[in-house]
Amino acid sequence: MTELSLVKVYKKVRQVSEDICKPIKAEDYVVQPVVDVSPPKWHLGHTTWFFETFILKPYAHCYREFDPAYNYVFNSYYETIGARVIRTDRGNLSRPTVEEVYRYRSYVDNAMEGFLKDDPGPEVKELLVLGLNHEQQHQELLYTDIKYILGHNPLFPAYSLQTVEKPVQQVTAGVATVPAGVYEIGYGGTEFCFDNELGRHKVYLHEFNISNNLVTNEEYLQFMEDGGYKNFRYWHAEGWDWVKSKGVSGPLYWHHIDGKWMHYTISGLQEVQPSEPVCHISFFEAAAFAAWKGMRLPTEAEWEVAADHLNWGDRWEWTNSAYLPYPGYRRAAGAVGEYNGKFMVNQMVLRGASVATSAGHSRKSYRNFFHPQHQWQFTGIRLAE
Amino acid sequence: MTELSLVKVYKKVRQVSEDICKPIKAEDYVVQPVVDVSPPKWHLGHTTWFFETFILKPYAHCYREFDPAYNYVFNSYYETIGARVIRTDRGNLSRPTVEEVYRYRSYVDNAMEGFLKDDPGPEVKELLVLGLNHEQQHQELLYTDIKYILGHNPLFPAYSLQTVEKPVQQVTAGVATVPAGVYEIGYGGTEFCFDNELGRHKVYLHEFNISNNLVTNEEYLQFMEDGGYKNFRYWHAEGWDWVKSKGVSGPLYWHHIDGKWMHYTISGLQEVQPSEPVCHISFFEAAAFAAWKGMRLPTEAEWEVAADHLNWGDRWEWTNSAYLPYPGYRRAAGAVGEYNGKFMVNQMVLRGASVATSAGHSRKSYRNFFHPQHQWQFTGIRLAE
Amino acid sequence: MTELSLVKVYKKVRQVSEDICKPIKAEDYVVQPVVDVSPPKWHLGHTTWFFETFILKPYAHCYREFDPAYNYVFNSYYETIGARVIRTDRGNLSRPTVEEVYRYRSYVDNAMEGFLKDDPGPEVKELLVLGLNHEQQHQELLYTDIKYILGHNPLFPAYSLQTVEKPVQQVTAGVATVPAGVYEIGYGGTEFCFDNELGRHKVYLHEFNISNNLVTNEEYLQFMEDGGYKNFRYWHAEGWDWVKSKGVSGPLYWHHIDGKWMHYTISGLQEVQPSEPVCHISFFEAAAFAAWKGMRLPTEAEWEVAADHLNWGDRWEWTNSAYLPYPGYRRAAGAVGEYNGKFMVNQMVLRGASVATSAGHSRKSYRNFFHPQHQWQFTGIRLAE
Amino acid sequence: MTELSLVKVYKKVRQVSEDICKPIKAEDYVVQPVVDVSPPKWHLGHTTWFFETFILKPYAHCYREFDPAYNYVFNSYYETIGARVIRTDRGNLSRPTVEEVYRYRSYVDNAMEGFLKDDPGPEVKELLVLGLNHEQQHQELLYTDIKYILGHNPLFPAYSLQTVEKPVQQVTAGVATVPAGVYEIGYGGTEFCFDNELGRHKVYLHEFNISNNLVTNEEYLQFMEDGGYKNFRYWHAEGWDWVKSKGVSGPLYWHHIDGKWMHYTISGLQEVQPSEPVCHISFFEAAAFAAWKGMRLPTEAEWEVAADHLNWGDRWEWTNSAYLPYPGYRRAAGAVGEYNGKFMVNQMVLRGASVATSAGHSRKSYRNFFHPQHQWQFTGIRLAE
């Protein structure tokens, strides 16, 4: 990338975050209805803080910090960088206001654009690309968190009448068979990837079949109607506890109204479409559905090897792989090293990408990860056996 | 009151609520940092819902409800009126927006003003006066809740540079002595009072002394410096558990900064003034201070009998009386009957009024009540023995 | 009392505690199914520790402590005496064993009997009488806690086939009317009483009626059948939360089996007798029942003034009085001063005595107190209006 | 096995459980100081219930159940078998008594011995071997749970003066290097194994080094003295939360007394021996130690492939593998199928065996598993890189 294109790419990615927030009201930027959801103004501030903290403050000599208190407000989990607002308190902060957060963004963007006019050197470029990929991850969270905020409001306000959650058509049904053998997985290219995708390494796979398509709402409804949520046999013990203690009886956002299955979409309440891939289900539900079918979820290695043969269904796909380091994995030094490694316990890997993933952000080797009970991402099911 | 003056009084009281909110930002209207604090927009909506629900809907024949979903959002605790947002969830609702809430107020105010042009009859007048007193109670909560929201923000924003918490001078020190005998307490007038102040009844009091002035910051600091928060002897058992589990070491809003005691006031962080009455302390702290002094808190009957001899110090004063019904107390029928009686357990009575009480709202027989651990009201200490 | 009778009384009271435990097994001495229930071996050790700590160690010169670690194990809530096992952990301690606890009792009893042979002086005598009354309080708790331990076991074992919970006949029905006036309450005699009963003082009472009899199971069943547990109108707000969050639908120990109301008694599961006074209900339930009847609970002053006209029904009777100090109340100095005063918040007063109260322990001025949600004592309802 | 030897093996394994409990008192059998620890009498009853439920009731025609209520008391987690005492309540049950549990064991043992005199057929033999292996797993839990019960008592009673936790000498230090390649893991023999060890399958391993010896107390103390518990860099995010919220500062049972590191062993408090393998550490601690060393934990496949070259150190060894199904894994039908598969989420695999493992119970392919925060098993650390 030339320096000019650096600035262009920077501005383009940064703009997307603000575009996502255009349809919402000042009040929507503030609330945090559950701990996993962050207020949109926090996402906007935090991604800005990333550039200020890791690029401007250490590398841009004349840079004057916007407000020292913001470090405390917008740090997410970087212990290296000091004290921070605890996660459950993000929704208790009315200040800085939305306007102040946008002013913070402009201020940092101006400084960044000035700074990037001269070649900042490879170390900064690497941090810049990391920062932009980081911002794209938060763009997906902006969608999922706004959906949660509006979708849990008793007035069910629509985010936008334009269809963000566009209908998905899965054309070629069927199954791909992959023969046994030693395969390579992990990122092997020369562009950016996250450290958890490195390095490319060999795995032995036994022969397996994997479905081309994702499980549809229609199939999932059969599971529900067959008592899937009432029969412990299909569930992990911790999944069954989760079903009972939370009273879960279907995907997040589903409501049974006047005899019909409706779901809250980002365009408001709509009827569930049978042919669409099921969405907003937890790992526990994905695994229980697979058990009910007499099948299983693929591992992440199987998924990656078969990826070229699969229809993508605009859902993150739960795998049956725990999120663990690849052979030879080492955390980066310093605060950036807190990015991935420290989360490698008690989470499951998801592969693919969703309707809310920023264009060009994901790839075949991309490893997303969430705790097994989470439903609020755009998550779906692919079966293997 | 003539019908004309009814409208005038209605408009005047309603206006005060909006005036209180003038200095705050849209974001400040939304959050709920602890369960006892409600979002300002909820207070504005709830007081409006009271008039809509108890006057317009039953009595104004052509009235069309603003939005049926608002009943669910703005009901506080009236089980009679149906389901409601649970109290801990008030801060999770970004909608209705602040603008919509103000639109709701205008709509209801217009309807009320039209309705009140003709004589609405004594039953409605009684509800109207109750609704206005109810709104005044929420005006005090608006102050205390806004103070909490801003005072717990790491940026410590001021609410207003005009001094709302004005300095209090307590001139005549000393002690009033009241001889033993049978006295009468409770409301005996012909104006409005809450049902918990009725009926006027006899009590026997033993001779007692009561301080003319409230305890000052200076005296309270002596208690703190003498290890008051580290010595279980002064505390109720539940108070001592509260001190230890919450790590309480002083009044709410106090910060020890660079060797000085500062406190957050509604005008921002300021130095603690020794001669001012101590504020924002819980019943547990008031009782512990009194025990340290070798004195006690007055009962509510003692307070009421002695009231004419006391300087008022712009603090609600904790008494050592539990909130219980007066002889002959009966709850009103219907939803309005849920106003007071159902709270008559596990709360302590406060007497007087505070700097944040709406003008003319309180009176000698007024019974305020809170749980013994609450600090966020403008509460102080008067001693007796 | 002569010294001889001191020893006799001491031995007699101490023996009762051990007699109460005769029917139970070693395992029953150990468990603590809820925080309010203590393991029987803890009661046996704690009452012994009281004599060792407050009499033998300070006054008996050659006394050698049984085991210094026992101070940590058997202290209940005396902050003055040092660290202690937290209350929720009492049921986690398998040691000291039951046998060791009985050895501890013998050791302390021997020392006490030797010590009491010579006149110990008035100060010690006072502590001795306090210790014996304290032991009697724990004797009642031994009954209620053993009942809880066995009554919550899925095997429903009987404690004893002899009837401890003997049938209660309430003969003279009717109502006593007490005229308005100034009365005196509080302990006025010269024998032992607890400090919370002192001093005798005047109260003004308005005219009231009070039932001679306690509410029966039959009457309480009418309340249940009339939907008493499903109608918020009868309940305090905190009582209604308690009903809903705990799923309460009747008195503790009641089970609806094969269309009949059975209750666990200390002799095992038995049919509920309609004419018996209802038992094991909380203050919340007592108050709700009274509200359903259109009546109320008496205050403790009313109860004491009317006491001579009432049939006692072998139940502690909830009053509508909060547990607060009498005029002129002062805590005793030292550890003994922690006995009563520090509990004077958030609890309600009960008057009378129950089937499990040690003979001669209670009196007309006796003030028992528990939190409003507690059901596990032998508690009943008397109505007033 | 002939039928004669079946009975012999059955009696021998069953006797071991009772031998383990010989040194403890009736009270020690009852308590449950934390949810993961079960009362010893529960273990004795539950293992007996297994034979009664899965063999005697379905296969022994004239068998009369000992007590139908025991099914409710002694079921652990088999949803197929019906309702059960919730796990946190096991320590609240004083009945059945210890004596009754031993009577239950005798009754079932007599029935089993009679039943096994005739050839019971291959299906029953399989269940029998499963039941005996199940009992051996509970024998290890009996040791760890008794240690927890006594080691958390303020009196620190010894279990036995005979050394159960015998000193471990690790002789051949050094490192084994395993070259890259395709290896086979999983159980390949013809004797009993658990379903989670099946089937034998290929894995590709990259070259790795693995230590012959386990990490010693001396090495672990260096980590502690170097601030290992105060530096977030070494920890998983969830591990760091665990350290801070629980205040963890060393292995379970360690106490710093008079300047020396002592630890509670089953023979009482003893000095920590520097050359012994560190014990009672969680996965979080094992991983943090490895990070501090600049190394890592082995995967379970690496461990199994290298196993023949390793000194065993009498500790279960945490691996960095999540507990997941092997290729082709299927749960068995019926209640027995609840044995392993439903736990395959959020747990980490441990390999090897410990000082408390029953002789002959473990093997190279054995997969033990616990949640990453658990310390109360005899767990240690082996490093790889």
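For clarity, chains are labelled A, B, C and D in written order, and residue numbers in each chain start from 1.
Keep in mind that, in the parts below, a contact is a pair of C-beta atoms (placed from the backbone, for glycine too) under 8 Å apart; a residue touches a chain by one contact, two chains touch by 3 or more.
Chain-to-protein mapping (UniProt): A, B, C, D = Sulfatase maturase.
Keep in mind it's a predicted model, so treat the numbers as computed, not measured.
For the pair chain A (Sulfatase maturase) and chain D (Sulfatase maturase), there is no chain touching both partners.
Least step count on the touch graph, chain A (Sulfatase maturase) to chain C (Sulfatase maturase): 2.
Between chain A (Sulfatase maturase) and chain B (Sulfatase maturase), the centres computed from C-alpha atoms are 45 Å apart.
Averaged C-alpha coordinates put the centre of chain B (Sulfatase maturase) at 37 Å from the centre of chain C (Sulfatase maturase).
Annotation: 58 Å between the Cα-based centres of chain B (Sulfatase maturase) and chain D (Sulfatase maturase).
Contacts with at least two other chains are made by no residue of chain D (Sulfatase maturase).
Only residues 77, 79-80, 180, 182, 201-204, 206, 232-233, 235-240, 283-284, 287, 296, 320-322, 324-325, 327-328, 342-346, 348, 372 of chain A (Sulfatase maturase) touch chain D (Sulfatase maturase) when the two sit together in their complex. Of all residues in chain A (Sulfatase maturase), those touching chain B (Sulfatase maturase) in their complex are 25-33, 41, 69, 72-73, 85, 89, 91-98, 149-150, 152-155, 157.
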